[in-house]
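The following pair of complexes shares a single chain, chain A, combined with chain B in the former and chain C in the latter.
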Partner chain A sequence: MSRRIFMSIHEREEDILGIARAAREAGLTIVDIYAPYAVHGLDQAAGFRPSRLPIICFILGLLGAGLKVWFEFWTTAIDWPIDVGGKPWNSWPAFVPVTFEVMVLFAGVGTVIALFITTKLWPGKRAKIVFDGVTDDRFALLIVEQDATFEPGKVRMLCERFNAVYVEEREEETA
Partner chain B sequence: MTAETPNVSSDEMPTHRHPGIAESDLSRPWIADRLSRFRVSTRTVRSWHALTAVGAAVLVIGLFLAPARTWASVLLASQFLIGLGLGGLFLVAMHYLTGAGWSVVIRRIPEAMAALLPVGLAAVAAVVIFYPSLYAWTTGEHDTLSGFKGLWLNYRYLLLRSAAYAAIWLLFARALIRNSRAQDTDGALNPRHRNVALSAGFTVCFALSYWLASVDWVMALEHHWYSTIFGVYAFTGLFSSSLACTILVAQWLRGMHAMGGIIRDDHLHDLAKLLMGATTLWMYIWFSQYMLIWYANIPEETIYYVHRQSGTWGPLFLMNPILNWIIPFFTLLPRFCKRDGIILARIAMLVLVGRWLDLYLMIYPSAFPDAPAFGLWEVGIALGTAGVIGGLILRALGRAALVPLKDLYLRESLHHHQ
Partner chain C sequence: MAEVRINPREPWILGRKTPIQVSNDICGILERKPTRLWWMAFLTSLTILGIGTVAVVYQISTGIGTWGLNKSVGWAFDITNFVFWIGIGHAGTLISAILFLFRQKWRTSVNRAAEAMTLFAVACAGLFPLIHMGRPWLFFWIFPYPNFRGPLWVNFRSPLVWDFFAISTYFTISFVFWYVGLIPDLATIRDRAKPGLRRAIVSFFSFGWTGSYRTWVRYEVVYLLLAGLATPLVVSVHTIVSWDFATSVIPGWHTTIFPPYFVAGAIFSGFAMVLTLMLIARKVMHLEDYFTHRHTDAMCKIIIVTGSIVGLAYLTEFFTAAYSGNSYEQFVFMNRALGPYAWAYWTMVTCNVISPQLLWFRKVRSNLMAVFVLSIVVNIGMWFERFVIIVTSLHRDYLPSSWAEYAPTFIEVLTLLGTFGLFFTLFLLFCRFLPVIAISEVKGILSHGREQEQVADVHFRDERATESEPETTGVHA
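And then the complex of A and B:
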């Protein structure tokens, strides 16, 4: 199956912000935006859904902390109790530093792995660069051409309004 | 890429322009004028003054009827006020040193908080001069103090040190704020450069002097007890409470429409992130102090926590981490809570109450180890402190434009995005 993609290249930050907002307001479907650096306010302009990674991060942190507390309790109070300075076996203050570290480890490493999974960045994946300039000094906006509402002429005019330096239509294979 | 790539030579490139900068609201003279003439309604000022008057009345009566509790309360108030004043200067210094652009529009708030410093210093001076018996070591129990401690805890030397701390802080406060305000009129770059250098000096002097001051004025209340992390612990409370105060004032100014929407959700968001970080640092240091003492289990160290965990002190001791970290941290985790002025202001209020409780738990158990002393004197002086904070900050805000009008980074700050 394939879909038609409309790509518009811009040279300035305010143009890409402007066209992202205008395209969203015109009801066009923005596939993605490529920029050489993080542009503040771009995801709001394009109406992208906020990332759900923080929720995954939070759950993984809780999981790591919970597992560690259980493990420490099991080792020090159940499986192999050792008397340390006459303190009770299940002395929670002693568990806190390690629990904290394992929580950070789970949340940090787990979130990076989750990011790789959601963005399909497997090891050995080949880079797919839509336009050479986006790694240097150009901004690229990709719009999917939907059957009913899409009018290439109007979209071209929109691109020109925001000083597009280059516009291209292409066929993209989708899995 | 098979298609021809556009090739625009650099001389054909249009001049780079940021969105909206040319249309910056501050270029309109009437806005700058409005920001320079910020005045609070007399009703608001009067209500803060009324609170101060209540506090003063309770203070005067308390000095005769319940001197021990009143003086302990005055010491608490002094540490609260000094914390906010120095914390304000610390925030200003940090933003200068890191070259932060986003925070320029809120800089006048921590600058205004520095006005609390003289009052706090006057309060602690009164305690040290008129009621030194709050510190048991001044009453002549010297023989039990070991070598260095015996040398350090000397009354005249304490007066000298206290005067030195006050001089250092007041001089830095005056210089930093004078330079910042001077820039408003001529827009020269020199004041900023001078303030960056001053901030570097202040940060080093502040770290050393506040550490020693918190040991002298608070930790020495129980002179046999010893905690090497106490200065850091006192600092973390100062950091989170001054951020909370900055947030409260910022949200109040937004509510008053005093600044025409200049402080936006994006600025609050960054302040909220700093507050989360500061409260977490407080928790980290609180626990570091607790755990080392718990682990080593040396009687002269554990006695500090034994008093604070027994009897009615116990619930208060547990309340401390709940107010200062658990509630703020988990409430501020979601993004929308950091951007909601009302939620954020409530959390900031909670952190300030938590700071009061934290200082209460540092100061009061030394004089009242058996049960917490709490009543008219504590409430009255706390209300008076709130009145002093509100009144002085509002007055200081009116002394200069609400925004550093000619700061180099003002435009960056106006267009700050999260």
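And then the complex of A and C:
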């Protein structure tokens, strides 16, 4: 399968914000936007769904804390109870610091691994750069051409309105 | 030098940069051959590191009897240096995480270098407890793993075990935070580089970053989550370090003020170290447009605040001792100020409480040489703070027959020196191979490409031009 993609290149943050919003309002399907830095509000303008990674982070943190409390209780009160200064074997308050650290460790490292999995980034991966300079100073907007709403004339006018410096149509292989 | 006026409406990045200029400025440093100054600094640091390594090999092969410790003063130089280095690290996380949550835009110019500083400082700190173990090759015994000795588990009620977990978590999270922040910048470097070995290496570590906004959306969320996790983490780390002392029954250590006092002290010394490093980097790498007078001004103010908290803590300790009616506690504090280590105590007070008061004056804050000197003075003071806390509390035991004196041996001094060698070697390598300023974050705070803000900027410039006095903002005027 392949589909036709329309790409417009912009040089200013305001233009990419404007065209992303206009394209979404016109009912066009935005494949993706490429940007050298995170532009404030571009995700809302393009209508990208908010990430669900915070849920993963929360679950991982809970998991880490839970496992650690269980482990500390098991080692100090069940597997080999040792009397330290007459303290009870299940000294809950003394378990708090390590539990907190392990919670942060699980949540932090786990969320980053989840990020790499969901965004398909891994060490040594070859980057497919859509246009020269999208990691430097240019913004690229990619729109699907097959939609019924896609009218080449209108889209070109839109590009002109938002100072596109370059437009291109290309075939893209889809899995 | 004319007094520099700080205008709050002036942009954080000077010179009306465009994104491509930012890439050129920051990546340019990495693409050129290292300067002679860099080589000189690097070779000096490497030599010091070498001397330190010899000292470490000697003391491990001979035993820690090579130190000046005795049965009363069982902790001294090593733990002083450990707490000192850990404290230095805290400013990096404060800048990268806490200032991020507070939306302080000025952090973008400093956060990358400060985070790198954190990693290197924590690495230096970790060496001291490791050597103190005497048999460092058995360090893994502190990790609760199933072993053939029972299994005998570690004692989770011990602050030393908490400390091990705190420091290793802190290092891991700081590293992850730093690396995640680096990925978009590595992609920028990769796409500028000519094909070859350098490009291949950078490409490997850039994880195939394309700048896709679907990735950016998730990336931003993860960055925020990491900042949210690192903020309580950094507070917990020095809190736990202070518990190493506070949970004991030594007068002068056994006090509830320790956690906030240690955290404030850590931020105080860390900011001083960031200032020392950034003022050198600014000059050597010509980053005057990125690390401006406004940045030093903001950091000096944080130094005043945290320095004042530390000063208040010194007074509170005396008050608590007097008010408690505990004669051991009272003796320790009188002994600190007037005993055999009074010289160390008053060095600490002078460097940490008295000299930073000069930063209240705008004239001092805008004189970079003065700020540079003061930042080093603060670091000396904070080193002495840890020395005073540890040695003065231990050298006068409950039994006068156990009273002893402590002086570091040559080997201990060389080990401390060696960690400075390690710290600066790593920092210089970082400056050489990685972008010292977060490129993608700085691009996000430029006024380029934002019409409305630009209008305001032009308006501000017009206003300034009509002012009667000549331009006095910044060294670039």
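The definition used in the following text is that the second predicted complex is superposed on the first by the 174 of 175 C-alpha atoms of A that agree within 3 Å, B and C clash if a C-alpha of one lies under 4 Å from a C-alpha of the other, contacts with A are read in each partner's own complex, and residues count from 1 in each chain.
Heads up, the rule we're going with is that a contact is a pair of C-beta atoms (placed from the backbone, for glycine too) under 8 Å apart; a residue touches a chain by one contact, two chains touch by 3 or more.
Everything quoted here is computed from the prediction, not taken from an experiment.
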Q. In the superposed model on chain A, is it clash or fit for chain B and chain C?
A. clash
Q: Name the contact category of A:32: first (chain B only), second (chain C only), both, or neither.
A: second
(Q) Quick check for you: in the superposed arrangement, does A:50 touch first (chain B), second (chain C), both or neither? (A) both
Q. So, does A:41 touch the first partner chain B, the second partner chain C, both, or neither?
A. first
Q) Given the superposition on chain A, which partner contacts more residues in chain A: chain B or chain C? A) C
Q: Give one of first, second, both or neither to describe whether A:76 is in contact with chain B, with chain C, with both, or with none.
A: second
Q) In the superposed arrangement, does A:8 touch chain B (first), chain C (second), both or neither? A) neither
Q: Figure out whether A:97 sits in contact with chain B (first) or chain C (second), or with both, or with neither.
A: both
(Q) Does any part of chain A touch chain B in one structure and chain C in the other, and if so which residues? (A) 11-14, 40, 50, 54, 85, 87, 94, 97, 132-133
Q.
Quick check on the complex: what are the chain B residues that touch chain A?
A. 1, 3, 5-6, 8, 13-14, 16-19, 287, 290-291, 294-295, 297, 333, 335, 417-418
(Q) Help me check something: in the complex, which residues belonging to chain C touch chain A? (A) 18-20, 23, 144, 150-153, 155-159, 161-162, 165-166, 169, 172-173, 176-177, 180, 183-184, 187-188, 190-192, 203-222, 225-226, 229-230, 232-233, 236, 240, 243, 440-441, 443-444, 448-451
**Q.** Parts of chain A lying in touch with chain B, wherever the complex brings them together
**A.** 9, 11-14, 17, 40-41, 50, 54, 58, 85, 87, 93-94, 96-97, 131-133, 165-166, 168
Q.
Show me the residue ranges of chain A that touch chain C in the complex, using the header's touch definition.
A. 11-15, 32-40, 42-43, 46, 48, 50-51, 53-54, 57, 61, 71-72, 75-76, 79-80, 82, 84-85, 87, 91, 94-95, 97-98, 100-102, 104-105, 107-109, 111-112, 115-116, 118-130, 132-137
